[in-house]
Amino acid sequence: MIATPGTVLEGSAGSGVARLSVSQLSKSFGGIHALRAVSFDIAPGEIHALLGENGAGKSTLVKIVSGLHVADHGEVFLDGVPRLFRTPMEARRAGVVAVYQDPKLFPHLDVTENIFMGVQPLHRLGTIDRRRMYDRSAELLCDLEAGLSPTAMVAGLSIGEMQFVEFARAMAEGVDRLLFLDEPTAALTPSETERLFRVVRRLRDRGTSIVFISHRLEELEDLVDSVTVLRDGQHVTTRAAAELDEAAVVRLMVGRSIEDLYPGRTELAAETPRAVPSHLGEVRLSVRGLAQRGVFENVSFDVRAGEVVAMAGLVGAGRSEIAQTIFGATPPTSGQIFVDGKLTKVSNPRQMLSLGLAYLPEDRDGEGLIPRLSIMRNLVLPIMGRLSHFGVVSPARERDVSRRYAADLQIKAQTIDQAVATLSGGNRQKVVLAKWLAMNPGVLILDEPTHGIDIGTKAHVHAIVRSLAERGLAILLISSDLPEVLRMGDRVIVVADGRITGVFSRADATQEAIMSAASRRRELGR
Amino acid sequence: MDKEMIRRCTEAMNEGRMSRRKWLQLMLASGLSMSTISAMLANTGVLVGRADAATPLRVFNVPKFTGFVYFELAKAGGEKACKELGAQQIYIGTTTADVEGQVHVLQNIVPQRPDCIVIAALDINAPVPTLKQARRRGAIVVTFDADVAPAGRDLFINMAPFDVQARAMLESALANAPDGGKAIWIAPTPTVANFISQKKAIDDLIAKDPKFKSIQFVDTLYANDDADKSYSIGTSAMQAHPDLKLFISGSGISTPAINKAIQDTDRVGKVFATGFALPSTMKTYLSSGTCKQYALWSPYKYGYMATYFAILLKSGKIKNAEGVAVDVPTIGSRTIEEGSVADLSSMLFFSKGHDDFDTATPMT
Amino acid sequence: MKRRSTPGALQAESLVVAPLNRAGVGLLRNRALGVSVFLVLLGLLFSGLAPNFATLGNVNTIALNGAILVVVACAEAIVVITRNYDLSIGSTVALASYVGLDIVRHFPHAGPILILAPVAIGTICGAINGVLVAYGRLPSVVATLGTMSVFRGLAFLYANGGQINGSDLPPWVERTATSHIFGISTLLLVASAVVVLASLMLGKLRIGRQIYAIGSNPEAAVFYGLNARRVVFTAYTMAGMLTGLAAFLFAARASWIVPYLAQGLELTALAAVVVGGVSVLGGSGTALGAAIGAVTLATLDNGLVLLGASEFARELMQGAAIVVAVVVDALLQRRLRMVLKMMRDRRFS
Amino acid sequence: MIRRLPGWETTLVVLLVFAGAVASFTSPFYLSFDQISYSLQQSIAVVGLIALGLMAVVVIGEIDISLPAIMALGNILFAQLSQAGFSVWLAFPLVLFVCGLCGLLNGVLVVLLGLPSLAITLGAMGVYRAIALLLGGQQGFADFLPGYFWLGSASISGIVPVPLVVLLIAALLFGFVMHWTVLGRALFACGLNARTAFLSGIRVYAVKIVAFTIAGAMSGLASLVYIGQFQSARADNASDMLLFTVTAVVLGGVDIFGGRGNVVGLILSLLLLGTLENGMGLANVSGSVQTLAIGTVLIVSVLIAQAGSWSTVMKRLGVNS
């Protein structure tokens, strides 16, 4: 049933029945409680913002309602009717769709084919009615003011344009009840963001409920009708947008005093903030004017021996890209990198490793480990050459190095020959950490080291990082976890949209300051 | 690739160590499939000549490749000779003209301690080491249709001396085009020994005998004993030489294929393709007049004579020496010439009305 | 077929990106155009070198030789677009032609309806490949390498040393290969019909567009609710059907049918597909492109024969054609991505 | 290393014994040491060397179907060098170098252009086969200098055939390189997760190209053994050796997606296939049925390897089709 523009759907605003109502929704992934008994309602024909820090459970909630995951317990009601979606297709047929940050499309085909794939309008004899399809596609694109030609090839589109294709597809399939937008504006230019908001408002007027998941508070101010804030998987509040200003929302999102960080976890609460190191060694890593066209530009900072520099910012700000460029995984378009004062020429991971610079990637299983190999094999992978003589590997030396580091980092496993895939998230992270410590690096770049691991291991990782700094390592800690940034960072660099938008010493680094610097947009310049 | 890896390793993890039951299950399934394959082989009649020591002389007939009617007829001839002389023939070969394949077949025959091997070899040298091994173990090796280096065999039965072959082909050519004309010689490859000798004999005969002077060769093309290639070469050559009169080929595969090309490009009566070919493949062209006459020896008699000599040599009835004459039933007296070669030379001409082996007119 | 322009006035500041993308579409879509240019150049070259290349008769010969390759190239193209390969085409032709024509031999008066016999056998072979690759989750190379030897073995087992001669087949079989309708050889008509039908299927039917989609981005198929396994299975079955038809044409044209027919045909088919601009990385390429690739190879082959080049030249050309076409395809794809990225940056920086 | 199918090697051993039993049942000539050693030497020595090379390529997640063509090229080179009067001691390193170069070329094209290795090596097969035809023409060579045949046909004190010893040594060498050297570890790492390997400082491109080069060189070694066995060289040698080689590698438990496989499994699968072929040969089974049987073994072994167990295979094929 394709919603023809202009008609208002039944059950629109004010008729009492909630478009989406979630009660006692809980979901945990191997020890990590992503959602804990979350309940709230969203009225029909309303733009709703779902806010919270990284790991607050926003994406998990969206994935459950849109059929990608199934909740452990709790129920989802659509227009008062309890529904359970096992696949994205089931959700779509019920009128619920989620548009993710990296849209899943077919690059070789054009915009219209991507919109109507699987639901193409047919002639009587079953062949695709191309004329009607392209007209309908042009109509949808024009309706969305996407400014896209129906015959444009998807391979040539920007992320923003791809998102418009996903919207057009949702409308083509008559998805008109509930639309989730997960971090839609992260990769959009200001003009694209304005266009997006105009479309969202028009959809709302037609009765569709739209749920915005975003960090960009200032963007949402004059758009959103009501707000729900989640923190650490728990529902904090659901209020009308008018009742909250930006500062109040930030306080709700992050506003918990350091003391009651994790109620009931003694070892974390007892973590005292790191004493600012008295003496700092010389500059181990210094980056000057580093840039990657279209991703980040003129990034310059130094990291001294014994110092932990925290790099804060929102998802998609370009911090991982900066780290990978420093590590030599991707060549920079300009800029220089000095390790221990020496300018590094052609850079690739192997060369940076030989200079003592190690990089713990954000995607643990995809880039940090080889899941099917044993703990030992993973651990010694970078230093196989050093431990071998004349190219022949010596299992004895490998075994004792890995046993030493496994014990040192308290990796919980029966034997070090156990496949890494059988370990918990926390232990896998420790294996990656051990892998880099085993080559005793001078500089260590950690990209979201405590992302998605249980609280206990998180504290232990913090302790390890602290002891490494004391031993004189220069550490660059990339993290979206504000408390972690505040507690671990001697200095805090904030990155937004590929630019450094703020540098704070330990003294004046507050959550509010960092949060506002992190969400400062390139043009809005507020 | 990583998602695929994770999926497969989680799949691996939960299947993890093969439980005792699953391991047995796998064993049973694989064992079962192995035994069904071997059982199938054992009783599909494909399994020929289940050898046991007590039976009479065992003669292995190895063609260039199985599935070609020429060698099937030779096999039938060999069968008859074995029945008459109380021996047992085992016909085994590769499906494609693959030199190694044929050597593998021979390598599987040697341990079966064969009494005689009658072989149409695909290469002059490749089979020699294995044939030598068979002869060391007392086997008599007789080659026919294509010879190997003398060290590898006891006797070679030549279809006919090359001048007889040349005469048969040229006479067929004249029968098609009485006043001769431009001709093209078709051979499988530039280097196959007996085709080179055939062409030389033809050239000598044209130079020597005024009767064939009217035939002049304008080109030589190679068709790799492949019907499709011969067809396309034939069509292309007819374009290249609009005034072409004759195709002459010693290959039983090229001659019929070019006849079809002549028919398809409706040049019947203008261009003729003759030489050696098999009756079964040429019937339509004889009846439609595309080809008036071609020649061939009888593969049936060829197989018969080769096997006949092999059994006599093995049973000691005759010695493999020059000048030894043997009266071969239905063929006549044939003598072993110098270099231990004997000629079948019972050429036949095939024309309309005489288009198979029993009605063909023997060449004088 | 002119598409109606975008209805309604576009908002002032929304960028009209249609022209910018035209270059992008041009580069990837009509690769077949590039191949036809190459074909024409090849034709000119050979007519210069070989005197009687450009005669009507010779062109007809090329068309005859190329017709069957066109049908087989379309079959292979359908599979390659889904990012899979089919190495069993040659053996399928052998099995389908022998068993199919043997059925024709046993029922001579049944008439042309029996063309369905080889086509049916080809379809079954295609379905077996489909089951192994789609549902058995075998890599397509290993699966079709296995079925190549299984189908060839079955052909020999069935033939059991025999052969089918042109003479003991009903006349209508041979007539299909040699007859002409309004002056054009039926082989040519059948081949062009196959190209048209394949293009219609790939362009106009949902299954056709899904074949492109699966080849373009297999992961996205899940989100679109496409049943990737069923699509790949259908692609192999259709390829088998076309191969069965090619088997009949092969048999009709050859003077006799033997189980060792069409050896190595799959290599020529793959060469034709790759030369015809069907990307080995899946998702792009057309049946028409594959057909033009096939005609190009047939022309190359004919030209070499006329120039008297020996056997190795043919094999060298075929191998070189695959390597060159694949490398050109990779460079084109890379250049296209670069062009599109540059356009994107210009639009947004 | 996860042993997903620890039973794989033991399964091969049991099947080997089973095949031997069936073979001795179908032909009384089977059970004799020299028959078995003679036929194994002929059927698996050459293919085994190429299979070892192919294993290195499959472990890194690629495939090279041009190896038999490279070997044929090696044969012709040996023939040319022998005719030019080179002694085998000089010809052998030369041919190894050239065949290794062919492998290197395959590797460079696949790795630097990021192309599917099947497409590249498919084209390369045609090119190398054509070069062999160019150099060697259509006819075979037979008059080799003395010493060329030694490796392929001699036997130590009359009992142990040299080709099998060469295969054994090559297998031991490969086993050592694959499991005990940094290069071997890198091969497995690239096959399992090239991105992690790259970020762990492994030169992924170089490792992959080395794997292709090793495969090429092994084909060169196989070529010398081939010359010894057949005492002749032709450009169209090894025309249908590809199926046997791929089957041997896959049956040996080497994961077709890369990252897993060991030499013991490969040698056992070679022995099994050799016994199967020998058994069928002695039973005078026609060539077409033999290829049929080997094709079936290839498909069944990959089906089981993919599914992890027979029941999953049935479930997948049964349920969905």
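Chains: A, B, C and D, in written order; residue numbering restarts at 1 for each.
Everything that follows uses one rule, which is that contacts are C-beta pairs under 8 Å (C-beta built on N, C-alpha and C of every residue); 3 or more make two chains touch, one makes a residue touch a chain.
Here the structure is a predicted model, which is why all the values come from computation and not from measurement.
Visitor: Which chain pair shares more contacting C-beta pairs: A-C, or B-C?
Guide: Pair with the higher count of C-beta contacts: A-C.
Visitor: Based on CA centres, what chain would you say lies at the far end from chain D?
Guide: Of all the other chains, the one whose centre lies farthest from chain D is A.
Visitor: Express in whole angstrom the distance between the two chain centres, defined as the mean CA positions of chain A and chain C.
Guide: For chain A versus chain C, the centre distance works out to 44 Å.
Visitor: Report the inter-centroid distance (CA atoms only) between chain B and chain C in whole Å.
Guide: Centre separation, chain B to chain C: 35 Å.
Visitor: Let me have the rounded angstrom distance from the C-alpha centre of chain B over to the C-alpha centre of chain D, please.
Guide: Those two chain centres are 32 Å apart.
Visitor: Could you list which residues of chain A touch at least two other chains?
Guide: 366, 371-372, 419, 421
Visitor: Touching two or more other chains, which residues of chain D qualify?
Guide: 2, 138, 192-193, 195, 257, 259, 286-289, 291, 293, 296, in rising order.
Visitor: Give me the residues of chain B that touch two or more other chains.
Guide: Each of 2, 5, 9, 12-13, 44, 46, 66, 95-96, 189-190, 222 in chain B touches at least two other chains.
Visitor: Chain D touches which residues of chain C in the complex?
Guide: 85, 131-132, 134-139, 141-143, 145-150, 152-157, 229, 233, 259, 267, 270-271, 274, 280-281, 310-313, 315-316, 318-324, 326-327, 330-331
Visitor: Looking at the complex, which residues from chain C come into contact with chain B?
Guide: The contact residues of chain C facing chain B are 50-52, 55, 57-58, 61, 64-65, 152, 156-157, 159, 161-163, 165-167, 177-178, 219, 253-256, 258-260, 263, 301-302, 305-306, 308, 310-311.
Visitor: Quick one: which bits of chain C touch chain A in the complex? Just the residue numbers, please.
Guide: Residue list for chain C touching chain A: 1, 3-4, 6-8, 10-11, 13-18, 20-21, 24-25, 28, 200, 204-206, 209-210, 212-213, 215-217, 219-220, 222-226, 283-284, 336-337, 340, 343-345, 347-349.
Visitor: Show me the residue ranges of chain D that touch chain C in the complex, using the header's touch definition.
Guide: 63, 65, 109, 113-116, 118-120, 122-131, 133-134, 138, 235, 242-243, 246-247, 250, 256-257, 286-296, 298-299, 302-303, 306-307, 313, 316-317, 320-321
Visitor: Considering the complex alone, what residue numbers of chain B touch chain D?
Guide: 1-2, 4-5, 8-9, 11-13, 15-18, 22-23, 25-27, 29-31, 33-35, 37-38, 41-42, 44, 46-53, 66, 90, 92-96, 98-101, 103-105, 107-108, 110-113, 123-126, 128-129, 149, 189-192, 222
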